[in-house]
Structure formats: C-alpha cells, structure tokens
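Presented sequentially are two complexes of chain A, the first with chain B as partner and the second with chain C.
Showing the complex of A and B:
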C-alpha cells in the first residue's frame, strides 16, 4: 500500500426479510432511498466532522429491476447536503458490488483524489416474490448460459458443486459440515441485533437441518433451504480514510482498522468453473491479498466469507488453505470455524444468518471485521489474540466470477 | 495530477440504430457481449503489447433491463484471455457511466494499483421499442419524481428547459441556435464512418429542422425529433496509462494524449434543478476541471459536450462561459461551434449525430478528443492551432445530476 488506509465508523441497517419480526410482506416497506439514507446517516453520526467526506461510492447489484431505479450516486446528497456537488458513483459486480465499493474507495484515497470516501452498499429485494427475485439475481450469470441451465440459476450452480462434493468426499461427511455451518450462522446471528435471523429461537439447529433433506421443499437437487442465504433488504456503510483523513474526521486511530492488503480478480463469466470442487477465483484472490499484506493465514484472527450457500462456505475453507481439498467439511463439523474455534468465521452470521442484501454484503463484511477488530461488536464480540491482529473478507459475485479480498489490521496505537 | 496519465488506442464500434443502412429492427443483431468484444479487440489491436493491461472498467447504464444482464466485469476475459484473473468491474452514473469508467481508470493509475487500464463503455438499447426504452432510461431520474412527471421523462425534462429558454430569450432566437446545432451534428457525423448519421444525405438541414415544429410527431411540448439524440447500440474503448504503462504497451507519447485535469460532481437526484436555464452541475464541474488543469477555456482547441438534446448543447455553451446567459443560441447560430468555428464542438457528431449508446457515450467523447489531438480523426479531422493544444469533454448523467469533465492535452514530444 503506497499510502496508509483506514476504515472507520461502520454501520448497518437491519437485514430485513423473512425471519425478522418487523417484516410483513403485505405492508408497504422502506424503499431503496430510505436504506441509503439510514445507513449513510448512521455512519456520519459516528464522526465529529462528517463534512470531511470527499466522495461517495455505492455498491448495488440490481436496483434497476428490483426498484426500477438506476443512478444511485445521485442519492448521496440525500444523506447529507454536504455531499452534494462532490463525486459520487455506483459500482457493480453482482454480489461482490459491496466489496467493489470498498476497493473503489481505497483506490481514490490511494490516488490522493480523496482523503475520506463514504462507501455504501444497498439492495432492496423484497419488492418482488422470491421466485422472480431469483431470476433477477441470475443476471449475475451469462444470459446465453442461463437459457440452458437450472430454473433457479445460482442455487442450481451451487447444487452442482455440492453434488460433486458429495460424490467425491462422501454425502454424510459433507452434510455434517454443512449442517454445522448452518448452526454457526444462526447462533452468530442471534448475537447481532441487525441480523435477519436475530429472532431465530430454534433449538437443535443441526437436528433441524438434517431433518430437511437436500431438495427439501422441492428445491434444487443437492441443497435445502437451510443451505441458502436470505432474501434481504438492507444497507451498510463505512468510511475509508487516509491518515490525514482520520485527522480531518476527528477520529483516533484506535477506532479504526488499517487496510494492509487487497486484491480483486475476475473470471470469465462465459466459461464454466474450471473445477466444481475448487473456488479458483477465491483461492487466487485471497492468496494475492495475503501476499500483498505480507502475512500468512495463521495470522488472521477472523474471516468473513461469502456463504451464499453453505457449500460455498465449505469450499472457501478449502480454497483459503485452512483445510486440504475434501477436508473442509470435517474442519467445519469439528467447530473450527465457530466463534470460539481456531478460525472464527462469519461472526455476525454471514449471508445465511445475518442476511444477504446482495449489493450491500461486501460492505457488511467490512463492517463486521471493523467491529471485531475495534471491539465494537457488542454481544457478537469474539476474543482476539494480540498475536492474530488481522482479519480477512472474501466477497464473491456470481459463481466465483468476481472476487474481492481485503486484509484488515488492528490499529497499532 | 500526482502522476502523468495518458490516453491511447481509442476505438468505437458503429453506433447502430435507425439511420444506419445496416440496421434492420426485425433481424437478430449482435448482443452486448459482441459489442464489448468488438470494441475491446479494436483497442488491443492498436498496441504492440496488450498484455500490459492490468485492469478493466466497463461503463454501462441499463444492461439489466435492455439485456437482462448484469455483472459486465465478467466479460473482460472474453476480449482477451490475458484479461482473466485481473481486476474488472462496471460503473454506473446513468448516461455519464462512460465518463465514470474513464475516471475510475484514472484513479487506479494514480493509485499505482495499475499502470494500464482498459476503459470501455457499452449500451445495447434496440432490444426493445423506443417507447419502452425511454421508460428504462428514465431510471436515471428518481422513481418518486417520475410518477408525477412527463410520459417521456427525460425529453420532458429538457423540453421544460427549452420552454423556459424560449420564454426568457425568445423563441426564434433559440430555435435558430438549436437548428444550427442539429445541422452541425449531422454534417460532422457524415465525416465519421462509425456515426449513426453517417449515411444521412439530406440537404438544407436547417430548413428541414425548421419545417418540423416543436412537438413534432406528437412529441414533447418544446422539442421535436431533430432536437433529440439517437437510440443506439454501441461500444467504445480506450486505454489509460501511466508513463511506465505507455512504455510497457510499446506506444510512443505522440500517439497518446495526456490527461491534465478532471472533475466529477453529483447533484441531488431527488431535487429539481435549481434553475431550468442553468446547467449548474456542468458549470461547476467544467470550472473545477479547468482549474485542476490550470488552464482557461480560451486554450481549448475542441470540446465534446453531452447534447442528449439540442437545448443541452446551447445551455452547455453558456454553462462553460463561452457565451453569456441567453447568448448561447446566437453563439451557435453564428457558427462558432461548427468544425471551422472559433470553438469546434462535437466534431464527430455528438449524441445527436454520432449516436448515444448511453453507457458508452463518455468513452466515445474521450475517443473523439484523442483522435483529434493525435491526428487520428480521418475525414473528421479538424485543424488545431498549436496555441490551443487542449480538449475538454463533458459527460452528463440524468438531468444535470452526474457530470464528468476531463481536460486533455496533446503530447509535448
């Protein structure tokens, strides 16, 4: 990093959708502009001098179809009049749009065209029934491929990956890991008041998971509903600042995390994944981010990874090198990714527990890591060893097509 | 600029749509992916070492609805396999998406995360009838405003601006300027083989213009079809490079233009324009870009401005300070913006003559300026005085909401 870059003042709206007590599909609900405003305001309120913000970047995937609205950059000034007549744009890379917002902000600060960037992610998806929503989310895959593929396009893609995993490494072994992944997600979500599964009071989550077969509720072949992330409305925001930017905002370094490395790689959307058992782009991107940061995976205290489906969580464990190929499910089943495990992952519930407002997810991941590394995670706070002062986030768009990996470090002071 | 930044190897596809001989609305036509491939390849073929490209940025506005396709960053590797597993994303700011692609690339090079960025813009709009297309383009305005506004939203917005101009500065005065704007657009387009109006052979263009009243063909109150830009399919691309990047590409400085200043400002999308007679955001953004470049408007040899409607051209002349408020129409009517005038504007036809593939337009503007300043404009080449070695592009999204202004300079060597 040619310039020191910090993240500070993370905030999330509630991840709204089925599971939340407040959610009523038949009543009118807040719109896209309300979520942008709420998350943006929640960020600004945390800093003494929000007028130091130079620029806004908004990550969003499909407001064009969910909300008949483009041009989201134009909403920056609705958060605060001080943001008017400053730069603002939106960035898109399917479900990695939030991660792209963060690295676009990082680039602006590194370019010295900004000292402080407000990065937001937003998606409001409950405007249509889930079956139509699944079709909109499929726009993350190539149109020509979708015509000859699964009706539920992305669940189908990851079902194929799960099926290949069952066949090569054993069904029971795989499902044990995936069931534990689900349990961790819900248990962590219960500790975060903004999580979509915060109100989930089910006991014996693994038992519940195993009672529902793959293909449960006439779904895809190799996954059931508990293997899937949520349909969510939500927004997250955070500030990206230089050292000078932190001073302008009036924020001490201890309230911030440092970005010590990042990478973003994109696979060809028109090709099939090289190997269904390998999240190739995640593997390459995470390795490059860690290399850029100059650290090894053992130095990480926590990881947020993109579990759009539980199998993506298991495969990410392997792609990151935490477990050898085929051993990811057992690694998870043994509790190693639980909040008190060797490598706590998705400590506020991830996409399955916290929720998946698609364009916001990458920003939410950064907010969670920021919360954990600065001691701002409330009931969801994990204990971090000073020997492991780093965090990593992995945000994925499409079927391992766009990946953003970011490495964070506790402030030295 | 903390680092020298250059543009090189610009290329356009044809701007396809009504007016082009090849266009047949009833036959299957190339898709989004074909346009990305064609423009990308045309850029890569111009440089000895395209493998030096570090990153891709794609400007696009509404592929989600025109093409049921998001996640355009995933198509970078379809241009060349060397672009796979490199960064790629798409950026959006309505019709300023192309300009945002260019400045996102500039920021990456300034951040030193890239030495060479491929910036593309693309839009394929003839997938639906123009009346539905107009509705999709309206997503550049705020959903809540559109409900209570014109049926043709953006033509309506600019019709209101034209009506205010007629009332304050005189109908005949205004229409004379707008008619001349139309004539210049078509005459310039005839000189560029990729322009949508390249095949236009009409004589007495101003006479033709004045025969059709405002509200011609039952259109909006104060504009006719000749006042409007085209519905276009097209893509444009160009490389953004550091000094080191030019060397890696194997391109001499004389084939490049230098970026000496830029600015991007965004107005609140939920508010009405402060004054219908003032393109406030264009005024502020252009002034800032010129200030950043350290030059005055008299030093510009050519300008590309965003004439989605002829009245936007007239008002831009005033916003740039080329003419006082109310005198822009007379300035244009006197031929001052014609290719042999005091300030040649839109020398390949602009949005009315060359075409307006919305997300591509900002990149097309940069390509035109690059062509002119390097002597690559073919039959459309204008004569430039060495005393005026600068160019300026103004790319607008929505009704003066997002504006990108870039200042270019001939290479010193």
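Showing the complex of A and C:
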C-alpha cells in the first residue's frame, strides 16, 4: 500500500426481512432513501468532525429494478447537507457492489484525491416477491443463459455446485458440514441485534436443517431453504481514511483498523465456472490479497466470507486453503469455523444469518471485521489473539465472477 | 331432442358418440362447463378446473388440442368479477409452480424470465375460459359442473335441458350439499351420468371433497371423479347418497343442538347472553375454529335453514327444524359474507371479523357483548387450567394426549360450563356415530376426516374423549 489506509465508524441498519419480528410484507416499509440515510447518519454520528468527508461511494446492485431507482450517487446529500457538491458516485458488481464501494474509496484515498471517503452499500429487495426478485438477481449472470437456467437462478447455480460436491465427496459428509454452517450462522446472528436471524429461537438447528430434504420439485435439487441466505433490505456504511483523514475526522487510530492489502479479480461472465468444485476467482483473489498484505492465512484471526449459500461457505474454506479439496465440509462440521473454533468465520451470522441485502453485503463484512478488531462487536465479540491481528473479507458477485478480498489489521497504537 | 341442437352436423355428433367410450381423462376435460360460475362455489370450481385444463393443455401430447371451459352464470356483473378473481388467483398459483412452468414453457424462446412465464400462463389459463350468460354453450361439453342455487327443481330443470340438447351424453358433477343425487338423476333422467362432487367453501382453499355416487353411477365416471380430485390435490371422502351427506349431516344437527341449548339457557337469562355462552363453549371449551353461532353466520343462517328444509323430509326419526331460525330470518338476520369476504352480521354482529354484539329477537337489535359480558363470564367461571385455543391446539404434535388431558379435565369439573361442553361433545360424537349407523358414512374415520378437513376441527367428532 503506497499510503496508510484506515477504516473507521462502521454502522449497519437492521437487515430486514422474514425472520425479523417487525417485518410485515403487507405493510408499507422504509424505502431505499431511508436505508441510505439511516446507515449514513449512523456513520457520521460516530466521528467528531463529519465535514471532513471528501467523497461518497454507494455500492448497490439492482435498485433500478427493485426500487425503480438509478443514479444513487445523488442520494449522498440526503445523508447530510455537507455532502452536497462533493464527489459522489455509485458502483455495481452484483453482490460484490459493497466490496467495490470500499475499494473505490481506498483507491481514491491512495490516489490522494481524497482523505476521507464514506463507503455505503444498500439494497432494498422486499419490494417484490422472491420469485420476481430471482429474475432481478439473475442479471448478475449472463442474460443469454437465463432461458435455460433455474427459476430460482442463484440457488440453481449453487445447487449444481452442491450436487457436484455430493457426488465427489459424499452426500452425508457434505450435508453434515452444510448443516453445521447453518447452525453457526444462526447462533452468531442471535448475538447481533441488527441481524435478520437475531430473533431466531429454534432449538436443535442442525436437527431442523436435516429434517428438510432438498426437493427439486418445489425448489432446487441439492439445497433446502436453510442452505440459502434470505431476501433482505438493509444498508451498511463505513469511513475510509488516510492518516491525515483520521486526524481531520478527530478519530484516534485505536478506533480504526488498517487496510493492509486488497485484491479484486473478475472472471469471464459469459463462461461457465471452470470447475464447479472450485471457487476459482475467490481462491485467486484471496491469495493475491494476502500476498499484497504480506501475510499468511495462519495470521488471520477471523474471516468474513460470502456464504450466499452454505455450499459457498464450504467451498470458500477450501478455496482459502483452510482445508484440502473435499475436506471443507468435515472442517466446518468439526466446528473449526465456529466463533470459538480455530478460524472464526462470519461472526455476526454472515449472509445466511445476518442477512444479504446484496449491494450492502461487502460493506457489512468490513463493518463486522472492524467491530471485531476494535472490540466493538458487543455480544458477538470473539476473543482475538494479539498473535493473529488480521482479518479478511471475501465478497463475491455473481457465480464467482467478481470478487473483492480485503485484509484488515488491528491498529498498531 | 336433436332438433334443438344448435351446433354441428349429425355425422360429427356420431363421431363424438363413438368417442365417448374411449375418452380418456384429458379428453374428458377438453370441453367443460360450470353452471353458476360466478357464485361463491362456482367461481372456485371454475378456477380449479381452468388451472387443471391449462396444465393439461401444456403437456406435449396435448399441443394443438383445444381446451374450452364455459363459465356460465346469469349475472353479467358476476362474470366481470369472475375474471378479476381468476386473474389474481391464477397469478398466485403460477408463482407457486414456477419451477414446473419453466419446464413446460422451455420450448418458447420468447419466455425467459419468471415474470414472462407467469404472464403467459395467466393468459393461457384465461383464454380457456369463456364467460357467458347463455346456457346453450354447455350443449357441447363432455363434463358439466353444477353449482347453482341449492334448489332441487332448478337443478333438475337445468340439467335435463342440457342433457336433452347435448349429443355427447355428458357427465354431470353436482355440487349440491344436501339434495340426494339419485333424485336429481331420476328426475333429470341422467341414468348413471351424475354424481355428487361436493366442494367445501372456498373450493380453492378447502381440501375436502365429498363424493356421492348413486346405484347407477357409471364406474368410469366415478373413477374419473377420483382422478380429477386427486389432480386437484383434494382429499376425497365417499359418502352415501343421503340428504346432507356427511358434512351437513353433522353440521346441521350440531347447529340445531347449539340453537336449542341457547334457547334452554335463555329460560333463566337474557337471550343474548345465552347465545354468547353457547358460542364461547363451542369455540373455546370444545376447541373449535369458531363457535357454533359464528359458524351458522359464516355459512349463512338462510343457507342453514334451507339445507335443514331440504334434508328434513328424508329424516324419519328426527325433526331437523328450528323455529328460532325461521324467526330470525323473518327479521332479516341472515349472516353470510360480503363479496369482499367480510362477515355479514347474523346471530352475532362483527367488527373486523370479531363478534362484538348479539342479536336480540325481542328488541330486534344487537346488544353489545361488553354490556353483559361480566354476567356471562360469571356463569362460565374461570377458564379451566391447560386451555389452548384452537389455533394453538391444531399445531400440537400429539393431539390425542393433548385433547385427552383437556377433556378429562373438563369432565372432572363441576361447573355448568364444563358440563355443557362435555354434553355437547357427547352429542357431536353421537351425531357422528349415527351417520355411520344410518349408512350415510361408510365408517367413523370418514366422518372424522370430513370434520377435520372440511370444518378444520382439531379432533374428529367420533372419539373417546367425552365418554
């Protein structure tokens, strides 16, 4: 990194949708603008001098269809009048839009065109039934292939990956790991009051999971509903700052985390994944980010990974090299990714537990890592060893097409 | 009869005649009519049939074949409403089976997104439906659903007119809930081509269908009825051809018992209080989805009176008649539902679906429940321990133990409310057993299935809880 970059003042709205007690699909709910305002304000309130913000980047995937709204950069000034007549733009890379918002901010600060950038991610998806939302989310794939794809496009894509995994490494072995992934997600979400599954009180989560056999007649062949992240409305925000920027904001370094490396790679959207058992882009992007940061995976204290589906969690474990190919399910089943495991992952629930407001997810992941590394995670706080002061986030857009990986470090001071 | 035939030539008729015996399930459903299609029951039957026909039309082997469903009703206004109803309901149905629909429309390159496919399915279903006020269109049908008013003479008149003008020897499925089928069959001269296919209200939601055949009903007609019900994912209970069949056979007697209990109780206290008490005991103590007076209002006091009137001549050892019902109806207290589905006032007055007052025939006005509730509650006493309302009890895994414990508790109590509940439960049990003894139901299990699925009871009326 040619300049020291910090993240500070992370904030999330509630991830709203089925599972939250206050969610009522029949009643009018807050709109896109409310989420942007709420998350933005929650960030600004944490710093003594919010007028130091030079620029805003908003990550969003499909507001143009979910909310009939494009041109989201124009909403920055609704957060605070001070943000008007400053640079503001939106970025899109499917479900990696949030991650792209953060690295856009990082680049701007590195390029010295800004000292402080407000990065937001937002998505409001409960405006349509899931069956139509599936059409919109499918725009993250190549539309020319849509005709032959599944009604539930992404579950269909990852069901194929799960099917290949079952075939090669055994159904029971895989489901055991996936069921444990689900359990971890819900248990972690219960500890975060903004999580969509915060109110989930089900006992024996793995028992519940295994009771529902995948049924291709109603859904997809190889996944059940518990394998999937839900439809969510939500926004997250965080500030990206240089050393100078932190000073301008009036924030001490101890309240921030340092970005020590990142990478963003994209695979050809018009081709099928080279190997259904390998999240190739995630593997390459994570390796590059760690290389850029100059650390090894053993130095990580926690990871946020993009578990839009439980199988994506298992495959990410393998792509990161935490387990050998085919051994990811057993690694997870053994509790190694649990909050008290060898490598705590998705400590506020991840996409399955916390929620998946698509364009917000990459920012939410950064907020979670920032919370954990600064001791701000509340009930969800995990114990981190000073020997492992790093965190990693993996944000994926489409079926392993666009990936953003960011490496974070506790502040030295 | 052929002189009235408005369509086709004789050769065509003969061809059709020759096809009658070899007609398979799909062919039978190629030309169908629903009589009374804009009514509460008719519209539901039309919806389910339209969807079944649309699904058949999508099968590769049926490509190029026409499927026609006549929606016949006297009301133009009703038929306008019917199309709106169909569009909304078919949309919901299509959304639920999108996975299957994507496969069915796989060959149509223009339909890519779920929304494209759902939109096309709605069109494909609606274009099967031909709304009309002209009954003559049924002269070409192979299958006719009858859901007109519960009036035997009217049913006989319409069915015989269609049969005399229809060269296809069509099959008739009547939705009557009370008229014996053999009487319709004999008077309309249908000779084995009619059966009772009794949906519960609303047909699109309720899973139960009572199937009633006569001594003459053709085996293939009855087999088709079972297959059709199965395709609609309905639970079929076969009932003997006896007025009221199983569902109304139980409900009418149970309702009359409730009305008479309220009358008995009103000897010593205001009528409105008595109705409130019996309604509460039947809902809460007996753990039913609604109290007996609310159920009468739901069905319509006029409908209840009418069905009792239809059934009564066929009953030799009892008098299924309530002078109180007659009196209420004379005063215009009818119940039933508004077209929006909201409950109309009947024995009880409703606000947002919940009872708030009770009709008093003496003053011809509704008395607010709040005004007498303390007195009624004093008679009822505190709710016994272990009470779970119907909406909770219906989800209990081990219902046998749950209700066994609850009703044992009631039996051990000495309160007049608990006693009335137990007597009521015993009476309901006796009605169920009588339906079997009289040969209306084939067995006790069928009686219980009808009450569980058609009336949403949480336990069957024939049980050992009250003895």
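To be clear about the criterion, the second predicted complex is superposed on the first by the 411 of 413 C-alpha atoms of A that agree within 3 Å, B and C clash if a C-alpha of one lies under 4 Å from a C-alpha of the other, contacts with A are read in each partner's own complex, and residues count from 1 in each chain.
Heads up, the rule we're going with is that a residue touches a chain if its C-beta (ideal position, glycine included) is under 8 Å from a C-beta of that chain, and two chains touch if they have at least 3 such contacts.
No experiment lies behind these values; they were computed from the predicted model shown.
When the two structures are aligned on the shared chain, A:270 is found in touch with chain B, with no touch to chain C.
Judged by the touch definition given at the top, the superposed model places A:335 against neither chain B nor chain C.
Contact with neither chain B nor chain C is seen for A:325 once the two complexes are overlaid on the shared chain. One of chain B and chain C touches more residues of chain A, and that partner is B. Shared-chain residue A:216: touches chain C; no touch with chain B. By the touch criterion defined above, A:193 reaches neither chain B nor chain C.
Of the two partner chains placed by superposition, only chain B is touched by A:89; chain C is not. Of the two partner chains placed around the shared chain by superposition, chain B is the only one that A:67 touches, whereas chain C remains out of contact. Of the two partner chains placed by superposition, only chain B is touched by A:33; chain C is not. Residues 143 of chain A contact both chain B in one complex and chain C in the other. By the touch criterion given at the top, residues 129, 131-132, 134-135, 138, 143, 146-147, 150-152, 216-219 of chain A touch chain C in their complex. Those residues of chain B that touch chain A in the shared complex are 2, 31, 33, 56, 61-62, 64-65, 67-78, 81, 84-94, 100, 104, 106-108, 110-113, 139-144, 264-271, 281, 284, 397-398, 401-402. Contact residues on chain C toward chain A in their complex (touch as defined above): 95, 98-102, 109, 111-115, 118.
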